[in-house]
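Two complexes follow with chain A in common, the first pairing it with chain B and the second with chain C.
Here is the complex of A and B:
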């Protein structure tokens, strides 16, 4: 099924489609203008949108539905390539859908028995799926095997709309309850009277975790908060204030003082924006990579907290593509117009996997080198690049 | 016998009716209980606890026997024991009360505290303390002489009232007016210190009354502004000493002190130069008192000046080295030389010292370092350094090399801005960035990192502006050479291992406003008061309009309201625009009220020698490990 047919399909449909188009456009505009920020919010809103999209979508075969969802995902990703959680959740839903199709195929082929050769081939295909880690499959082009799923005549009994909507509901539930899972594990990683440093004050997961460690586990500890000047300072101050209001000893330090104080720090906690398949991660505060480098130099453990939805199946071949830069007004508000300077204003930062010791997700703690396995549990290779016009 | 403990426990467990008998039974049982196992000690092994108890009882029995032997009956003993117990109880109660009081006091102190200290840096002097001292001394020094006569009449009653801690009836109405607000505002905790200080002031005034040399204004300024900051007796003591010696302080030094304190003069070399210049003036104006010689007395006189300078900020290493040299020079002066000749000589020597140790040294460093810089290379620097600015300008303008300079800067001082603009005005390609973007900077193909220094310690550590270490580390990890340009005047005998043990704390409030101005610019920001005034005027206007509104009919009111809304919206917008200014509210404006919130603003950090490839001095380029060698070899000349 080629995607060229989809616009035509959409036009044929009734008001519901145009309505959903409007809300998609509004959401895309919001993404482009960065009017929504924070991967948590973006993920939830994307899922809500996807839910509405599904209830409005019309399709003849599941593969059309997959193509439509991919198209939507592609549009959202194009709108803001650094809003990773958007693409992540869509890939998760696609994986749910594909799993269901697989299940369905297997059932129907089992029902048909060995009557058709097509059914036999799909069985063989599905059997081959777990062998993804074999060397041969590494060289194989992804997406070839799924091509054979296409069976216009096969009438499926499963209500895929219901399946996907249930998948979305489950995912929303998971995202909303992520903090509990993370906290359970993370609390065991800090001890009493420890000095912690966090360079990502905008992370709500870190904030909730610290407050919970103080109140539930009743640990006393000191938190150093770096300012992340210029883009994140206000967040940092608010973060520090919130911590202090919960009776946690909090110290705000300028970004330059990190090295000076690192020798006193027991652990560095960072929140992440997205985690790539290589175990590196993008964080939404500049300067974090330097902090993690300092920590590595002092052999201070760095642990990153990330919900499962932040895992991305992408590989950061070109880091510059994923790191965002801001305007000069935040660095040099007043510039002599005759003598202009170049400025660099980094908004997000990339932390390489070697500078992170452990990832705490809601399903457990993992070393950065193991992240790819966790990611492939939730995504399908086929859906890594949504912009590919294959399927 | 062995069953008695069981019985006792049973009786103890009986209902309240038996409670009256129970204690007796328990009493009877308790001595028996430990005795019980003693009875069959041979059969049963005793636990340690039981053994101890046994011993205790034996001892008590012995004591009782002794006392009985010495003629004290059992009843008397009991009475004594009762008395003892009561005494102990009382003592315990007292202790508890005292503890409570202490805690309360502590809490009060904490409430009153203007200065907060973190546990990490509690050993360092905070800016608030420094500022308090400066304010006290400054008010004493800068008070106009004319007010002295009128103030002399006011002084005594004020001090007297402070001494008694209560309001004292005075004939002067003005004086009582002066005292009332102070007494009402003075807290119990702070009162002690205030009184202490007032006492010292009184002493001064009493000692010097025959000269009518009273410190006017001080008594009214100190208690108000400083009662919160002055809590350590040492601090009060030091202020007292400074106040006693205030007559020795030269006005040049006091103005220099304030310039240093507000970061008008920053950087170890400019600070040292400013100090040397000030010393030249001080020495020129110096008059040897009768009975001593210049070589003996001048050192003493200078140390008073230095005491005040120390109050502004801790002395930089360069200043320390220069002072040491100057004192040595003074001690070498032949006592027979006439004063004016000696003074002239010293001034010349100071000038020479500055020229040789700083200007010529810089030239040599620039010459040496220029050999390192290749044409077309990219250089990263941090903060602002005089030598480095000169070095880059020399290379681009005289040697015509094409250089790209990345100036990395950091909050709150933003010193790099100065360097970036200076370089840019001279046509150098400059990239200006903040330390948070460091990662990107080093991905740009950097050839060298040039760093300035505050000081290099004897163990090879570089003591420089906070953030330097991070840059050196990042560069080293990427195999980019790190070079430090540093005059040998900055070499220090001190050794230090980490940045926490010794450092300088800057004002934490500098980190509260989120803007791009250094504290220096912020303070010199003119027109803040005017803006405030305009804002207040606007507010009163709006309020007046509100009050007048009910008079009109409803429609008018509605219109009025709409207009007002628009107005207030416009005002909001304008205040939003003003947000870059100083009066805008910040998240952390009241951070001092939150007990567990702290802001640490340290000025320096230590870079380990392994991150530094080369130290370029006027003696040539050397590894950081050679610093003590230079110190030893050239001690005579330094």
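Here is the complex of A and C:
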């Protein structure tokens, strides 16, 4: 027990221990200790780390590069399985890389095809189609396509490092400008003299969305904010204060009053942490799930705002695994273990897709049932499970 | 780390450069025996992670750059562990150095060693190697700096965690802190007896200490988690005061009550989770707190060690990968199971922590227990509130009752029933040449060395560990047995504040100490179980003191009275102690040949006889008094007991304390026990004479009757 197995990878290149290992490890430690929180911050920090990782990485073939990035992604995901945005951005970058490789191979095979065409590479081309476009492809085994392993013989001329770093920069830009995209839609959604309810006061996107609607479109509306006891109460107060500063009528209501007030509410707006491929989402406040349930009862539309980087290609088979559980100490006073109550304090909550009417993303509004399509536009199926060992 | 604010002192440069921490891995206690005979405390697993990891994790969070582990017992094991741990990797958040000081016998020794090595350059964190906490150290550092800026004499900040009223088992070493209300400066520190010990503590404060203070608070609700931020002045203080042993009772008390040093210690009070694993109870409590997520964000599924793979399931169940559960086994709430463990059909587990690679067979019930790695448990066993250490093997149908501790590699045969609170180790626990085990050296007797076949069975391997023989704490016998068990039975033992009153009522005992009763203090420690004896010892001491220092009678009476009321005893006891003390005094005079028997009795009883006027009021009480005197005289084994008794009675009679009627009543009912015959000879004559004198109203010379 006294000896710990440190991942083999770390020891193998221990002679080449670089600063990058230190920063990766520091980042993992921070994730484990929950010193960084908020999907926005985590996504950006992951990208910065990935950028450094790439500049330090050495590889002989692009397959190795992919393997290394996957390994990194796996370690980050393991460190904190509920910090989804880590894995999301890494998968996005992998998708960018794979697209580029396919492009590259298509070109080279086109060049080679004229002289001595190799049958194998043309098969790869057909399978590289990102969307399921024909009935024939539907019957294909997903993830089994050849695209996951690229033939090492082709001598590539593209500088993949440059490509990936460019991809990272683009993604950083996208993430930073997400609110603009969402806010464009805001104006059309909020009507004058409407009553809105938001149960996720810590969401910056929701805050900006509302402020934008107020300032740009000069709408007058009322916002009800749930208190979010016990984990989110401070955030709720902060949120209400900020809205009030922008001359929006804001009322904080106790969590228990949601059902009573729902009949008066025009729209429920929630911020999300992660959107799964089935259209369900993880939201960062316990009780949102019941608010959405309640909204459905009253046929009140539920709008979920989410940046594209929050889209995860995972499927929530086991919701328990994805929901984060917090500590007990702020709910009850500390008691002797012999005769105390067990507390289960969910920090995040899962909202099933049927309780959400529309997702507002930076590229437009989508029904939950359509989310899978957007996911496959941005991710590759082979990268869904980063912990799977490939050959 | 943010650069240091505050006034620029001589050592600023170093402080900005690095932040140091000293981890005291040795507690110099034996509370975890017999397990600590094989393994140091800080490597014992708590929730399947060695204790030291929690401390190091905390330091990593605190942003420390250099960590010094001071090791004395089992130093090589700690050294080896650190060498192979993640903290020794190049990207570890800090540099770990182990300092081996095997000759250290106390915290004081360790500090002196540190000072000799000259390692400390700036402010440093000092923690013990068994801390489990999630406190935000940055706030504490901020507080430390703020106080340092305000007060040049500030040398250390202690971290104290507030306990709630529902949290009974605060700490094994309760203490009262007297704090300045405005600045949290610690004015006074005093250890308190354990609540379970049925002793009442008192805090004695030198009024001078309070002179400069406007408002102060006295608190005993603080859990002392032994996290201190110290300035580099601290180790030299230990050097100067070479008698300082412990961190709190010697150092903190010494520093704050010393005029010469003129240094101050502040307390940082937090309500975050911070405790030490200092006894079996706290091991139990903290394990359960940890599993119950009370020190979030420090939770098991953070997987502090590289190879851990815990994941969380609702109702506080944590499982690693590769756990094999039979279909019909039941895993209840608050349970953690390590990888490679197999659990058989029909087994029920609740509130327990199971280590790695355990073989847990069928039909077993495990409740509130801790099974460490590689244990084997046979079919249909029952384990309740016990610890099964690494590598132990339990046969089938074994029952472990409350508070059993099964040591490393112990083998228990089929069908054994281990009684409550047994501690079994696989080899007789010997002194390992380390400070911690000094006491066994003396106490090692043959019973420890015999294989306890009646406990572990014919094919078993194990020795009963007799904890009482080895415990070095000053508590009395009764507390030992309690303290060495798990927390389970604490409720019955009045650990809570709420039940203080009930103790008092039941035991009819309470004690207040007058500020000058130093003697009394000493008596406290020795006096054990019985309250009456307590009072006796103390009452006698009080009177002896009065006799010796020639107090006036009123003072002596006042003290006795206070004592009587605080302990809630009857006048009978008061009379008894007074008589015993007086008779002892007489005996003292005679044996040292200061005075002859007659003079001695007269002197003592003439001078102090008045005490009885305020101790007896009714005739029946005086009769009682006379009986007491007679008993005392007989017990004291004088050469001429009859003379002494006669002298005492005549003195009292002459001083109008004893009335004639009383004497007659007494004489008529006096015990006919043969042991009193010797003393009654003279009395018989005296009573006779009194009666005649009474009737005839005439005087008679009594000289003839004496001698």
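Here are a few things to note about the model shown:
The criterion applied here is as follows: the second predicted complex is superposed on the first by the 332 of 391 C-alpha atoms of A that agree within 3 Å, B and C clash if a C-alpha of one lies under 4 Å from a C-alpha of the other, contacts with A are read in each partner's own complex, and residues count from 1 in each chain.
Following the convention adopted for this analysis, contacts are C-beta pairs under 8 Å (C-beta built on N, C-alpha and C of every residue); 3 or more make two chains touch, one makes a residue touch a chain.
Note that the structure is predicted; figures quoted are calculated from it, not measured.
Applying the stated contact rule after C-alpha superposition, one finds that A:34 touches chain C and leaves chain B untouched. Of the two partner chains placed around the shared chain by superposition, chain B is the only one that A:294 touches, whereas chain C remains out of contact. By the touch criterion defined above, A:249 reaches chain B but does not reach chain C.
Applying the stated contact rule after C-alpha superposition, one finds that A:241 touches chain B and leaves chain C untouched.
Residue contacts after overlaying the shared chain place A:259 against chain B, while chain C stays out of touching range. By the touch criterion defined above, A:364 lies against neither chain B nor chain C after alignment on the C-alpha atoms of chain A. For chain A, the partner with contacts to more residues, out of chain B and chain C, is B. Within the superposed three-chain model, A:25 lies in touch with chain C and out of touch with chain B [touch as defined at top]. Contacts of A:336 after superposition: both chain B and chain C are touched.
Contacts of A:345 after superposition: both chain B and chain C are touched. In the superposition on chain A, the residues of chain A touched by chain B in one structure and by chain C in the other are 333, 336, 339-340, 342-345.
Of all residues in chain B, only 118-120, 410-412, 417, 420-421, 424-425, 429-441, 465-467, 469-470, 473-474, 477, 498-500, 503, 511-512, 514, 516, 580, 586-588, 591, 594-602, 604-606 touch chain A in the complex they form. On the chain A side of its complex with chain B, the touching residues are 222, 227-230, 233-234, 237-238, 240-241, 243-245, 247-261, 263-264, 286-287, 289-290, 293-294, 297, 323, 330-333, 336, 339-346, 349-350. Residues 1-7, 10, 14, 17, 21-22, 24-26, 29, 32-35, 78, 81, 320-321, 325-329, 333-340, 342-345 of chain A are the ones that touch chain C when the two sit in their complex. Taken in their complex, chain C has these residues touching chain A: 43, 45, 50, 57, 60-61, 77, 80-81, 84-86, 89-91, 93, 163-169, 272-273, 284-285, 288-289, 292-299, 302-307, 311-316, 333-334, 355-356, 373, 390, 487-488, 490-491.
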